[in-house]
Amino acid sequence: MKRTIPLLLAMSAGFVMIVAFFIPATLTWGEKVSIWFDILASIAFILGGGNLLKVQLKKISDKTAGWGYSVITVVAFLVMLFVGLTKFGVNPNPAFPAHGHWAGQYNEIGSPFWWLYEYMFKPLQATIFAMLAFYVASAAFRAFRAKNFEAILLLVTAFIILLGRTAAGVFLTDFISADSGFQGLRLENFTGYIMDVFNTAGNRAIMIGIALGTASVSLKILLGVDRSYLGSGEE
Amino acid sequence: MAQLMTLGITAAFLILLTFAVISWTNFFKTIDRRWVFLLMLFSVAVPVYVIGKTKQTFPEKALPLAQAVFDEIEKLNEGDKVLLAFDFDPGSEGELGPMATMFAFHCATKKLKMYFIALWPLGRQMIDDNIEKVIKPDFPEMIYGEDYMNLGFKAGNEGVINVIVTDIKQLYTTDAYGRDINQIPMMEGIDNIQQMDLILNVSAGFPGTKEWVQYAVTPFPHQIRLVGGCTGVQAPLLYPYIPEQLPGLLAAIKGASEYESLVIGKYGGDGISGKYLEAQRRMGPQLVAHVLMVLLIIAGNIIYFVERTREARP
Amino acid sequence: MSRENRIWLIVFLIGAAALLGRAMFSSQGMAKAYVHAVEVDRVQVADPDADDETATKWISAEDAQTQGITLPAKGSDDRITWTRYDNSNYTAYSKAVAANQTDYQFSPSRTIGTWIAALFTLFVLSFLIRDNPLYKVAESLFIGISAAYWMVVQFWDQITPNLIGNLSPTLVRNWAMPGLGADFQQDLVYIIPGILGIMLLWRLAPKGGWISRWPMAFFIGTFCGLRLVRYLQSDFLTQIRNSIEPLYVKSVKTAADGSAVLDAAGNPLTGFDVWDSLANVILIIGVLSCLVYFFFSFEHKGIVGKTAKLGIWFLMITFGAAFGYTVMGRIALLAIRLEFLFDDWLWLIDPTDKRVEAVVSMLGLY
């Protein structure tokens, strides 16, 4: 029962989606299942938040190393959750002001929720991603070695793309006339050629391979051959 | 002549660099990576400062893919419906923010009816930011609900596309501001996104342009037309869809810059606000940083070959 | 104190002094935020378009006055006012001050926010030097805030309208979404995703975590069903079709002015297009050779091995292109952060003219 019903649920949901694609009369079933899928996806975020709280609170109660940072995480989480869920400091909706702040926009400009997003969340997330530029530079210097012909091909292509997609590429091959028969050798055009032909060929083959792999894994799951998503079965 | 001189100087610099690296191989081999970080910081910071101060940008020539995106929007007429899907967040705003801004500007200039939607939770904030940045200050005559509207965010990734491609009102019962979807004038007669004349997608990853192609364009190739912009990481992966499933694509900040130059070239005029030149400003740091990357790779390989030669000697 | 720490302390002290100096003694200052205070004044009036005679709607006081409606007193039940603070900039503030207007104001909360954003940016970047408590604080804050942000967005944008709204439209209409249509019907079948959602949350409970397998199975089954068809259609069949390109491409011959060259009968002259034909040949060879490489059921020897080798070369070019584009992407992200620091925080650059001092001439403000 613990494993059979989920198996049947997965099979039914999957086959409804497949049948809805081929039989127009069943389209509404597919739409319904998709909407339930969307609702469950949003509840999964709540599960994620709850799990974060559980893990951090355990770290605090066990006083593991760095538990002070867990306190910061929990406090930040609870403050953001409170101001967001209660629409704290939000103005009423101009179309329905009698409903007070509940009908207002939770992320209204000027509200505490917006303030935390604009001045904490946004800069932190953007900067964390910006750090990757530094690591790419360090990796380029330390790790990219032309050890064999294939590596040389990769590096030469990278050079052409790196230079061709900036003004440097235009400048370096500006001596080739844009109207001549060799204009394809101008770096900016050659870059386009590499992307349109070589890159497309490689990625198309990868895409076909992934599609076949996805189809086979999906079929295995829907037919009950692959049951790894059900867990170890100890509980 | 100037170009020949610069090429000559570049060649001389490369030769000097080679000699320096060969002479001090051990030093460069064991150099703290924080010096490389500092080099990268300066290679971006200095152009940002110089271009910010001088407001001078490099000239841009649009390549076919950016031209295709521009042409697709140009083909539309006043009152045509465009779905703008902003599937990105602040982590990718550096590359995609300018695309989103220019899409909104281009569509508003052509008086197209804009339907904003987001498949990323933070995409909703990106929509609000662009409405505040572009539509409200520069197109104050546009009325919410008649000229543009915000459908907001729904979770479910490709599940959302799968629903709205046949029935949008089942999922979107209200707009992002809690208004009944049936009371919004521009949603009258709209049952699904097949009725959109064009879909413009700004994509940072999953879900994004790939999902729009798979779940919207491919099942309905004659009803749905899609062009978009994506990050540099994603761009090479989308080329197989071009041009049959994806007629045009703005690839990374370069694509955004080319598209900016096309839109401003036609609609900008003198004194265009600096907020519409973001991508072109960012091409300056791109140039310097790319050259640095090439030099770092060359230097790293010189060290590798010198070491290999030394090991091969008896 | 070690030598390195002493150097960093000196750097910090110099930096702090420079920032203080710039903030307090430079002509414009730095990192100041301004807002435009807009009074929102709403009045409840009868709704002539509604079917119900007693129905009312809320309109702006300005529109009510235009329609000749007598405005109720401020603070009464039929008239609600509040102030909205929209983002503004120094340029607008400067013009307002020069024109003796007070609706543009300095915003202490957003100014503090700008400083906090800048400091957190530096805290995160400090990780490049080495791991340190400032970075850890920033990281901890980010984890907490982001998790809560996503939860709030899901609750208001999806769960409230699509789950609670379908189960009890009256409750949602009276509470948070008065705009929900009066004819929106209750749909009790949404109890199913509601129950599945509660089962999913059971995963957090100390016992009975197996219950969450049911919604997970539904989730995975739907996911697999969706992807199976779409991947085969879009990434398999369509890609094969897209790969079937002509190996002999004819193109219209054009004159120097771009117009088509015509033959004696007036039809456009066509000729063999070398470059497009070569591109198609390379594309097809590339796709086939890469696919041969991915075929691990055959040993890569002989002709198969040579074809697979060619496939590897194509893949190396693909990965080189991917690397080039990835670098491009990362650098743009760093550029926007530095723009924020130089523009919004330090006020060293102003590419979008946010801090243009208003000049009052004899004729007026410009």
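Labels for the chains are A, B and C, by order of writing; each one numbers its residues from 1.
What we mean here is this: a residue touches a chain if its C-beta (ideal position, glycine included) is under 8 Å from a C-beta of that chain, and two chains touch if they have at least 3 such contacts.
Just so it is clear, the structure is predicted and the values come from calculations on it, not from any experiment.
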Chain pair, most C-beta pairs within the contact cut-off: A-C
Taking each chain's C-alpha mean as its centre, the one farthest from chain A: B
Chain B and chain C: spacing of chain centres that average the CA atoms, whole Å: 11
Centroid spacing, where centroids are CA-atom means, of chain A and chain B in whole angstrom: 16
Set of chain A residues in contact with two or more other chains: 21, 34-35, 37-39, 41-42, 45, 93, 95, 103, 109, 117, 121-123, 125-126, 128-130, 133-134, 136, 140, 155, 158-159, 162, 165, 195-196, 199-200, 203-204, 207
Touching two or more other chains - residues of chain B: 37, 40, 44, 91-94, 121, 124, 132, 154-155, 159, 162, 171, 177-179, 219, 236-237, 240, 251-252, 254, 286, 289-290, 293
Set of chain C residues in contact with two or more other chains: 86-87, 128, 149-150, 153-154, 157-158, 162, 176-179, 222, 226-227, 231, 234-235, 239, 242, 318, 321-322, 325-328, 330-331, 333-334, 336-337
Chain C - residues contacting chain B, complex: 86-87, 128-129, 149-150, 153-154, 157-158, 161-162, 165, 176-181, 184, 222, 226-227, 230-231, 233-235, 238-239, 241-242, 318, 321-322, 325-339, 342-343, 348-353
Touch list for chain A against partner chain B, complex: 21, 27, 30-31, 34-35, 37-39, 41-42, 45, 93, 95, 103, 105, 107, 109, 117, 121-123, 125-126, 128-130, 133-134, 136-138, 140-147, 155, 158-159, 162-163, 165-168, 170-172, 174-175, 188, 192, 195-196, 199-200, 203-204, 207
Complex contacts: residues of chain B adjacent to chain A: 3, 6-7, 33, 36-37, 39-41, 44, 58-59, 61, 63-65, 89-94, 121, 124-125, 128, 132, 154-157, 159-160, 162-163, 166-167, 170-171, 177-179, 219, 236-237, 239-240, 242, 251-252, 254, 283, 286-287, 289-294, 296-297, 299-301, 304
Residue ranges of chain B touching chain C (in the complex, touch as defined): 34, 37, 40, 44-45, 48-49, 51-53, 55, 91-95, 97, 121-122, 124, 132, 152-155, 158-159, 162, 171, 173-174, 176-183, 213-215, 218-219, 231-233, 235-237, 240, 244-245, 251-254, 273-275, 277, 281-282, 285-286, 289-290, 293
